[in-house]
Structures are given as C-alpha cells and as structure tokens.
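Common to both upcoming complexes is chain A, partnered first by chain B, then by chain C.
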Partner chain A sequence: MNALIISALLGVVMMFSSFLLKDRSTVRSMAIAGLLLLLVVNVLEMNGVEFFNINTRDMIVFDRFALLFNTIAFLSTLLYLLLSAKEMAKVGVYFADYLALIFFILCGVILVSSFKSLLILFLGIEIISIPLYILTGSDKRNLKSNEAALKYFLLGTFSTGLMLMGIALIYGAQGSFYSVDISKIAGETPSALLIAGMLLLFFSMSFKVSAAPFHFWTPDVYDGAPTVFTSFMATIVKAAVFVAFIRLFDEAFGLLHLQWQLLVAVITALTLFIGNITAVFQQSVKRMLAYSSIAQAGFMMLSLYAMNADAKEGLMLYVAAYSFATIGIFAVLIKMSDYTFEGFNGFAKHQPLLAATTTIFLLSLAGIPLTAGFLSKFYMLKAALGTGKHLWLVIVAVLMAAVSVYYYFRVIQAMYFKEGEGQPMEVSKPFKWTLVVLAALIILLGIFPNILLSWLYF
Partner chain B sequence: MIPVLLILIPLLAGLASFFIKNDKTVRSWALFSSLLTVVVAVLAVTVLKENKYLAHQCEWIPALGSSFSVKLDGMGQLLCLLTGIAYPLIFLGTWNSQYKNAKNFFALMLLSQAGLMGVFVAMDALLFYFFWELALIPVYFLCSQWGGEKRIRVTFKFFIYTFLGSVLMLIGILYLQSQTPNKSFGIQDFYNLDLPGKTQSWVFWLFFLAFAIKMPIFPFHTWQPDAYEQSPTATTMVLSGIMVKMGLLGLLRWLLPVLPIASYSWGDVTMSLAVAGIIYASLIAIRQDDIKRLVAYSSIAHIGLMCAAIFAENKSGTQGVMIQMFNHGINIIGLWIIVEIIEKRFGTRKMSELGGLAQKAPVMAIFFVIIALANIALPLTNAFVGEFLMFNGLLNAKSQYSLWFTVFAGVGIILGAVYTLNMIRKIFYGATNQVTEAAQDLKLNEKLSLGIIVALIFWIGVYPQAILNITDGISQTILEQTDISHLFKK
Partner chain C sequence: MPINYYIFLSIALFAIGIVGVLTRRNAIIIFMCIELMLNAVNLLLVAFSKMHHLKAVAIDAASTAGTDGQLFVFFIMVVAAAEVTVGLAIIVMLYRNIHSVDVNFLNRLKH
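Right, the complex of A and B next:
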C-alpha cells in the first residue's frame, strides 16, 4: 500500500514540477529520488512497516509475491531512469510529463500485481495502457511513432474491450468480481458462461503479453515507439502483465488448470516458435529485440503452463533477469545512431566496457550459465517438466533456446569479431558504472538466485 | 580443498590477466599461474591423496537441491593432471606466437582452463552443466577472435551445435533430478536411481547426443575439422587435447553408471557409430593435404576408438580409455605444437608445399617422428598401452558383434599408420624446396615443451602402471555401477 499511494502522489508531483523547475536535470534527480523512495517504502513494507492503513475490502492484497515483484519493478525502473532518463529529453519537450506518466504506469503495475478482484485488474491494466499509448506516440514529428501509437491504441482498446466482456460474463456466471469467489464455484462443473469469460480474459491477457498469435502489434509498436520508451514497455510493463496473468489464472481459474493447460501449451509453443524464428531474420537490432521479447514471453508462458511452486519462483527470477538484461541492451542501443547489426561492427574496439556489459546481457538473454538468464530458463524448464505431461513442449523450448543463441550471438559477433568504424557516442562515467552494476546484478543472480528468491518465503 | 584450488587459480589468474597491459608480462603471468596449477594437480595425485583434501562440499542453491560439490576421483585426478600439464606446454610451445590483444587471449585461455577443471571435478549435475557451458564460452571467443579467415561462421556452427547438445542434456539432468527421492542433483543420488529400461532409453539419447557432439562421434562430427582448422593453434590444442575429454568423461561418469540398462541396450548402436567413425575419419585423413585437417580427422578416429572401448564395459577397456585419454591429450598437443611451428615458419600448412625438413631441422624431425609414432601406437610409446588395453577390452565386450568391432577398429589403426607415415614422408623427407630452404631448427622453448612431451610418451610407454594405479579404483566403481548382469538372472 505504501508504494501505491506514494507512486500516485509522485506522478502528480512530477506533472507539476515542470511549472516550478525549469532545469531538466533537477526534474530528473527528483524522479530518481522518488523512485528510491518507492523502493525504500516497498522494502519496508516487506519487513512489515506500513504507513497507510486503508480498507480496500480485500480487493488489493499485498502478499510476498506482489511485494517482491514490485521491488523488482522499482529496481528495474530505477536502473532504467539512471541509464536512460537523459535520453527522454531528446524525444520531445515534455520531459516532466514523460516521467509523470512513468510513475502512473508504476501505479498500474502495483495494482495488477496485487489484485484480488477483477475490477482492480481492469483498472490496473487501463492505468498501464493509457500512458503507454501516449508514450508510444510521444515522438510527434516521427511518422512511425504516430503509426505505432495509433496501432497500439486501436488494438489495445480492442483487447481491453474483450477483457471487459470477459469480466462481465464471469460476473454473470459467478455473481462476484473476487478471484476467490470465482474459483470456489468453478470447482464443480463450470458453466459455459464462465468458460467463455475465462477464454476472453485469456485472449486479452495473451494480447497484452504479446503471446502468439496475438503478437502482431508488438514488433511494429516496439519498433515505432521512441527507443527509450520501448525499453520500459518491453520490460517492466510486460513483466507486470505477466504477473497479473499468473495471478489471475492461479487464483481465479486454478481449479480449472487441467482444462486450460493444453491451450496454454499450444500457445506457448507457438509463441516460442514464432518469436525465435522471426527474430533470426531481422536486420535491425531493435526489431530483433522486439521479437526476442515475444520469444522470452514464450518462456515465461511456461510458468503459466506449469503453475506450480517452481513456476512462480522461476517467474520472479525470470522477470528480474529479463528486465535487467533488456534494459541494459536498450540503454546501449539508444546511444547508437545505427540500429542494424552492422552498426555494432567493431563496437568492442571503441567501447570495450559497453561491449563487455552488453555481452553479459546478451548471454543472459540467451540463457548461458553464470547469468541470471540461465537459472530463470532452468526454473521454467524444471517447472514444466514437473507437470509430468507434454514433454514435447519442453523439447520445443530448448530447441528454441538454441535458436535464440543464433540471433543474440550475431550482436556479439558484430561487436567483437567484425571490423567497423564505430559510431561516435557520448558516454558518461555514471552511465558506464550503472551498466557495470546491472551486469554484476545479473551475474550475482546467476550464481546465487537465493538472494532474490528467499524474499518469497521467511 | 584441492579441486577448489584447481578451479580458483586459473579463474582468478584469468580475471587478473584482463588488466595486465604489457604483452610480455601477461604471457609470463599465464605461464606462471599455469605452472602453479600443475603443482597443485601433481600434489593431488602424489602426496595429498586423502579424501579430505580431494573433496569439498558446501551449500549452493538449496532451493533447487543443488550443492557445490566437487571431488577428485581417480578419473578426475588424471584429467586434472592432464589439464594442468597441458596449459604450460601450450603456453611454452606457442611462446613465440604473437596475438593481438594478448591480455584478452591469455585471460580467456586461463578461464577455459578453470571451466575444464570444473567439469572434471563437479559431482553435482547442475554444477557439471554450469562448467560444461562455461568451458565453452571462452573457447568460442578465442576461436572467433584469433582464428583463421572463416572463423566466425565456423566457430558459430561449433557453438550452436554444442549448445544444442547441452540443452538436450539439461532436460535429461532435470528429468533425472525430478526422479530422485530427495530432489537432488548429487551424483550419488543419480547413481541410486533405478529407472525402468524404457525411460532410460530416451534419457540416454538426451545425454549421449550432448557427449557425442562434444567428442565428436560420427555423424555429429561435422563441426570439428573446420573448427580445429580455423582456431588459433593454442586453442585447437585445448579443443582437441582436453575439451574432447569432457565428452568421454561425461560418458564414463554421467551416462553409463546412471543409465546402465540403456547403455547396455544401445551399446551396439553407439559402438557401431564409433567404429564407423574410425574408418570414415581415417579414410578422409588419408586424402588431406592440410596438416591441421589431417590431425583433426585422426583425432576423430582416436576418439571413436575410445568411445567404442567405453561401451565395451569391461575393466581392460575402461582402464585403456582412462590412460588413453591422458595419452591422446599429450600426443595431440605435441603434434599441434609442431604444426604451429611449421605454419609460423613457412606460412603454409599444405604438405604438398613442404618437404625435406629433416635435413634442415633434424631436431624437429626427431621430435615429430616420435610423437607421430606414438600417435599410431607403436610399442614403447604411451599410446600402445592404451590401445592395447582398449582392443583387448573391445574383443572381450559382451556384444555379439565384438569381433567385428575389433576388426574394423583394427583396420582404422592400419589406416592411421598410412596417413601418419605419409605425413612424415611428405613434410620431412624428399627434396627441399623454396619454402623449406631457409628452415631453422627448434628454439629453446619449443625444444623444452616437446622434450617434456616426448619424456612423458616414453615414461608412460615403459611404465604405464603409474597412471593405471590412479584410475584403477574408479574404473572398478564405474563398472560395478554399470553392471546389470544381476538383471539377467531373474
């Protein structure tokens, strides 16, 4: 509850800050301080310190799962702002507004990770989506950005509509918005109304996490949006929606698991296949990362498929590993003028430190041991094997992991083994250090995942 | 204690190397630290043979049932000894080769050593997998950055190939872990598993593919000649001398004892593949003109024999494989050192462009001939002992086709003599030509490293018992664990 209220307040503060503060760097520092505050109060809440006591009628419950995810999300956002906040200023003139929108999105993130009622879920998803539409189109003079925003808006509202429809049907069947009530009655014979509602929810959530075949918007939107916002969209937001997805299907439809498991298996396999295979053929690193985010979503879907203790633990690790690595790569990418693979040629010679950290991020995404990416993939495979069914899904997953090595390593090859001019780029010391911290975090989590996961219990 | 040191010394030395600016300093530093590793490895085999020095276990990821468990059993001791000896030999033998960004080169070499040591001592499946992949990463960078013209494509193929194999193994490991009663990755828990034959059957292939790609076994070998040819020779030595042993060790430690029924029932298939590989690779080796490619194909043949002997599942075969793992590592590094010398001096690896070197560089010729003869297992050389034991094992294998396997593998040996002697003839005898006219003989560092190798060749050739004693216990343990004869009596 601490973080929810403070993030909402911070959003408002940031919005008005541009009236009072003319200097952008002050606004930036304020946002970073605000995020630190969020992180602190959230960690305090994990340790039992609550500043606000509001009766939400159990519509929002901050359990360990939610709090841990919020911590990861705040930490990622903090690192993201440290790395890329300056770049936001280059997108347009409304610097403070962008930061305000990010705080509002965090508000939504907190809601969707801790909802117990479908109303809150809907509210959270909308609070996330609407600022995102704006951020996508924030580069007003760029035609691609506008197109992406429009595309995102139209498809996004359509899927939100589906979700609303689903919620309505479920309410019709069960007479309640609470996940607890929905699951209770579902234990007997589920009514057609409930199944229809569940499917609609499933499809709309699949859309939000860009699972195939609902992924078509993703490459265009990620590619068209200003890179600095793509980074945020592809990591923290996506992870939050995933957490909501898991929560929804665990708590509301957990007893129907066997009914929807096969459907999830098929969608997972499809997502893995389409995401990875298409990423192989990309020429632009940014677009490759968009497809890779689909591919990674496929891996995260495995946790939805398995839905056991391993899966939930693993998802936490996965979102942390994936967010850290992706934020890092995007932070480097933003600094470049040429987004193609060739643009990375000879990068290691001109920017050895950036190249080394980027390599660690890529290795993590590819799932090479010693990085968090490996253990998170490992958890997913373990969870999926733990179900004891659909072994083919696990095989598809590892085959696709091998495919993913191909496109991630193309960047490494370009950086290290190919000769190139190297692009002029201004890189500050703090930027470098933040990247090093990020890389260190990834390796630390890759060796001792317990640091993170022990928060889930105790 | 010792196994942790064996991993830590090269690891820390490697990380430190990244920060040494001077090329000469980093070269000496790498040699120094690798000598330190040898000392520790030798100590492990000779003085500190007690269990408390050779094993170490501590908690790592308890939530996953994995612990940091390392131990030097006989096979581990032998392979760590090989790894320990190999690196100083490599550094010494290629002392005069210049590398761009030398600090990165030596750092990655040392890191690969740390990874390899880890593979040889890990007694926890997850840890094993960790090191298995970690050993690969530095080698990938080494080959791609300092290799030949086609290096990027070739090493990429190599990387993806082996990565694919290892992720399949990962599924196998995960599955076995899920079957253990206490959800543990410990090797002893894996050994205690008693899975039904049908399950063992498919898990077997998950593991075998990973190992077969690594060794490599026909028909999974296609990455190997290209990768050996394109890599910088120092890395080729690591690849062929030590890394292939990862696959053999995998079979001996993680496959046969864990899945004995499947190993028995698929034994004929794998032995056929291995023996087919011997003939196939030997035939291709005869046609090669490039020395590097020739040695690469001969390596496939040798590994094929070792793989076949492993599946013979008897004492003679297993002990033969153990000693031959060591011998093959030493011998092939010796061959590569000379190949590197030839390439650096004359700028070519083509046998057709060389000739008459024996007149100009007699010392080199002597060393080369000795090592090459060891490579075809002449009596008094180390490989003779290994191959003799392996053939003996192969002939006495439980398989009904054992005679055929032995005969065909024997043909491979004859073919081996053909291409090796042919190579000696083409390079060292005949008339000198423009290229070899101004040949110089060996330098001190080259004499030193080759001298050590030749000494080892003769020492093991005359007194193999020293090595056989190290691995006697572990071979026995593996065979007892692999023995399924009690199932037949029922």
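Right, the complex of A and C next:
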C-alpha cells in the first residue's frame, strides 16, 4: 500500500511541477528521487513496515509475489529514467507531464500485480492503458506516432470491451468479483457462462500481452511510438500485465487448469513461432525488438502454461532479465539516428564500452549462459517439463530460442565485424556508468539468481 | 422478466458493437461502437446484480448481495469517460494533421 499511495501522490506532484518548475534538470532529479523513495518504501513494506493501513475489503492484497514484482518494476523504471529521461524531453515540451503519466502507470502496475478482485484488475489495466495511449501519441507532429496512438487506442479499448464482457459473464455465473469466490464454485462443473467469460478474459489478456494471434498491433505501435516510450511499454508495462495474467488464471481459474492448458500451449507455440520467425526478416532494429518482445512474451507464456512453483520463480527472473536487457538496448538505440542494422556497423570501434554492454544485453535476450536470460529461460523450460505433458511445446521453445540467436547476433556482428563510420552520438559519463551497472546486474543475476528469488520466500 | 432476455439483449448490443468496430472505417463511428460494447456490459451487469440480489433476498431479507455489480457499473462509466477524453484528443490530433478521420490511413505503418 505504501508504494501505491506515494506513487499516486508523486504523479500529482509531477503534474504541478510542469508549470511551477521551469528547469528540466530539477524535474528530472525530482522524478529520480521519487522513484528511489518508491523503491525504499516498497522494500520497507517487504520487511513489514506499513505506513498506510487502508481497508480495501481484501480487493488488494500485497503478498510477497506482488511486492517482489513491484520492486523489480521500480528498479527497472529507475534505471530507465536514469538512462533515458533526458531523451524524453526531446519528444515534446511537456517533459514533467510525461513523468507524471509514468508515475500514474506505475500505480496501475501496482494494482494489477496485487489484485484479488476483478474490479481492481480492470481498473489497473485501464490506469496502465490510458496514459500509454497519450505517451504513444506524444510526438504530435509525427504522423507515425499519431497512427500508432489511434491504432493502440482503438484496439486497446476494443480488447477492454471484451474483457468487461468476460467479467460480466463471470459475475453472472458466480455472483462475485473476488478471485477466491470464482475459483471456489468453479471447482465443480463450470457453467457455460463461466467458460465463455473465462475465454473472453483469456483473449483480452493475450491481446494486452501481445500473444499471437492477437499480436498484430504490437509491431506497428512499438515502431510508431517515440522510442523512449516504446522502451517503457515493452518492458515494465508488458511484464506487469503478464503478472496480472498469471495471477488471474492461477487464483480464479486454477482449478480448471487442465481444461485450458492445451489452449495456452497452442497460443504459446504460435507466439514463439510467429515472433521469432518474423523478427528474422526485419530491417530495422526497433521493429526487430518489437517482434523480439512478442517472442519473449511467448517464453513468459510458458509460465502460464505450467503454473507451478518453478513457473512463478521463473517468471520473476524472466521479468527482471528481460526488462533490464531491453531497457539497456533501447537506451543505446535512442541515442542513434539510424535504426537499421547497418546503422550499427563499426559501432564497436567508436563506442567500445557501449558496444560491450549492448552485447551483454543481446546475449541475455538470446539466452546465452552466464547471463540472467539463460537462467530465466532454463526455469521456464524446467517448469514446462515439470507438467509432464505436451513435450512438443518444450521442443518448439528450444528451437525458437535457437532461431532468436540469429537476429540478436546480427546486431553483434554489425557492431564488431563490419566496417562503418559510426553515428555521431553524445554520450555522457553517468549514462555509460548506468549501462555498466545494468550489464553487471544481468551477469550477477545470471550467476546468483537466488539474490532475487530468495525474496519470494521470507 | 427472466434473466435470459437481458442476456440476449446485451449480447445483441455487444455483437452490434463488435461488427461496427470491424466493418466501419470512420474513427468516430468505431469509437461509438466501442461505447456501445461497454454499455451492453453495463446493462448485463445491472441485470445480473438484480438477479443475484433477488436470489439472496429470498433466503435472507436483509442481504446486500449483488450491490457490487452495480458498483462496477459506476467504475466502467468513469473509465469510459476517461477513455473518451483521451480518444477524442487522439482523433482531433490526427484530424489536425491529415484532415480526415478515416482509419484506412492506419495501413500506412505497415510499409
């Protein structure tokens, strides 16, 4: 509860600072200090210190899973702001408002990671989505950004409509919005209303996490949105919606697991296949990363498929590994003017440190040992094997991980083995050091994943 | 009236909304169709709420079961209003740049 209230207050503070403070660097420092505060109060709450005690009638419950995820989300946002906050100012003149929107999105992230009632799930998803529509269209003169915003908005509200219909049908069948009550009666023979509602919820959530066949909006929106905000959208937001997805299907429909497992397996395989194969053919690194985010979503779907202890641990690790690596790559990409693979030619000669850290991020995304990406993929596959069914899914996942190596290594190859004059970039010292910290975190998690996972069981 | 009538009416409205979203090309009309979908859900929630309430009252006259369904409707209304604000702003922004609200324009992103 600490983080939820403070994050909402910080959002309001940032909103006011947009016209009270003219100096951008003050606003930036305020936002970073605010995120540090969020991180501290969240860690305090993990250790049992609660400042606010509000009776939510058990609609929001902060368990270890939620608190750990929130910590990861705040840490990623903090690193994201340290790396890219300056670039945000280049998108438009409303710098402080963008930061305010990001704090509001974090409120939504906190809600969806800790909901126990479908009402909170719906509110959380909307609190995440509505500011995101604005951020997507924040580059107002750019037609691509406009298109992306309209597309995201129309498809996003459409899927919200489906989700609400699902919630209404479930309410009709069970008479309650609480996940506990839904799962209780669902144990017996589920009614047609409940099944229809569950399917609608499943489709709308797959839409939000961009699982194939509902992924078609992702590349266009990620490509059209200003790159700074794509970075945020593809990492923290996507991870949060995934946590909500898992929580919903674990708590509300856990007893029907065997009935929907095959459906999830098919969608997972499709997502892995489409995401990875299409990413191979991309010419722009930004678009490749959009498809790679679909592919990574496929891996995260494995935890939904397996739904056991390994899956939950694995998801935490995956979320951390994926967010850190993607934020790092985007931070470097934002500094470039040319987003094609050729733009990376000769990058290692001009910016050796940046190239080295980018290589670590890419290796982690591809799942090479000694990085966090490897262990998180390992956990996912272990969880999927643990179910003892649908072995083909694990085989597809491994094959597709091999395919993903191709397009990640294309960037590394361009950086190190191709000649090029490089692009002019202004890179500050703190930026470089933050990137190094990020890379170090990824390697640290790849060797000692228990630093993170032990927080799950205290 | 039996609950089935309400379910069928809501599903019909919802289906009209979906068909509208999928077939119309004008952003404003698509937007109205999405609102229709949301309102179909509101109707359904209120009907279910009444149904659960009547069921609970038959057993215990002081029961307040079913009120949460109607509460949900208020939340949907608030969120829908927020969405309208942002959505219309996006459509106006688009109109200022291309002087049209036709969504066929969206296919340009695919190169």
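In the analysis below, the second predicted complex is superposed on the first by the 458 of 458 C-alpha atoms of A that agree within 3 Å, B and C clash if a C-alpha of one lies under 4 Å from a C-alpha of the other, contacts with A are read in each partner's own complex, and residues count from 1 in each chain.
What we mean here is this: a contact is a pair of C-beta atoms (placed from the backbone, for glycine too) under 8 Å apart; a residue touches a chain by one contact, two chains touch by 3 or more.
The structure presented is a predicted model; accordingly, all values stated were derived computationally and were not measured.
Look at chain A after the overlay: chain B and chain C fit there side by side. In the superposed model, C is the one of chain B and chain C that contacts more residues of chain A. Contact with chain B, but none with chain C, is seen for A:Pro369 once the two complexes are overlaid on the shared chain.
After overlaying the two complexes on the shared chain, residue contacts for A:Gly224 are found with chain C alone; chain B is out of touch.
When the shared chain is aligned, no partner comes close enough to touch A:Glu251: not chain B, not chain C. Once chain A of one complex is fitted onto chain A of the other, the partner contacts of A:Lys151 are limited to chain C, with no touch recorded for chain B.
In the superposed model, A:Glu87 lies in contact with neither chain B nor chain C. Legend: residue contacts after superposition of the two complexes on their common chain; A:Asp181 is shown touching neither chain B nor chain C. In the superposition on chain A, A:Gln413 contacts chain B only, with no contact to chain C. Applying the stated contact rule after C-alpha superposition, one finds that A:Tyr133 touches chain C and leaves chain B untouched. The superposed arrangement places chain B and chain C with a least CA-CA distance of 29 Å. Note: no residue of chain A belongs to the chain B contact set and to the chain C contact set alike, using the contact criterion stated above. Taken together, the chain A residues at the contact with chain B in this complex read 313, 363, 368-370, 374-375, 378, 381-382, 385-386, 394-395, 398-399, 401-402, 405-406, 409, 413, 416-418, 448-450, 453. Across the complex, chain A is touched by residues 61-64, 126, 129-130, 133-134, 137, 141, 144-145, 151-152, 156, 159-160, 163-164, 167-168, 170-171, 174-175, 177-178 of chain B. Against chain C, in their complex, chain A makes its touches with residues 119, 122-123, 126, 130, 133-134, 137, 140-141, 143-144, 146-151, 153-154, 157-158, 160-161, 164-165, 167-169, 171-172, 175-177, 220, 223-224. By the touch rule above, chain C contacts chain A in their complex via residues 3, 7, 10, 14, 17, 21, 27, 30-31, 34, 37-38, 40-41, 44-45, 48-49, 51-52, 55, 65-66, 68-69, 71-72, 75-76, 79, 82-83, 86-87, 89-91, 93-94, 97-98, 103, 105-106, 108-110.
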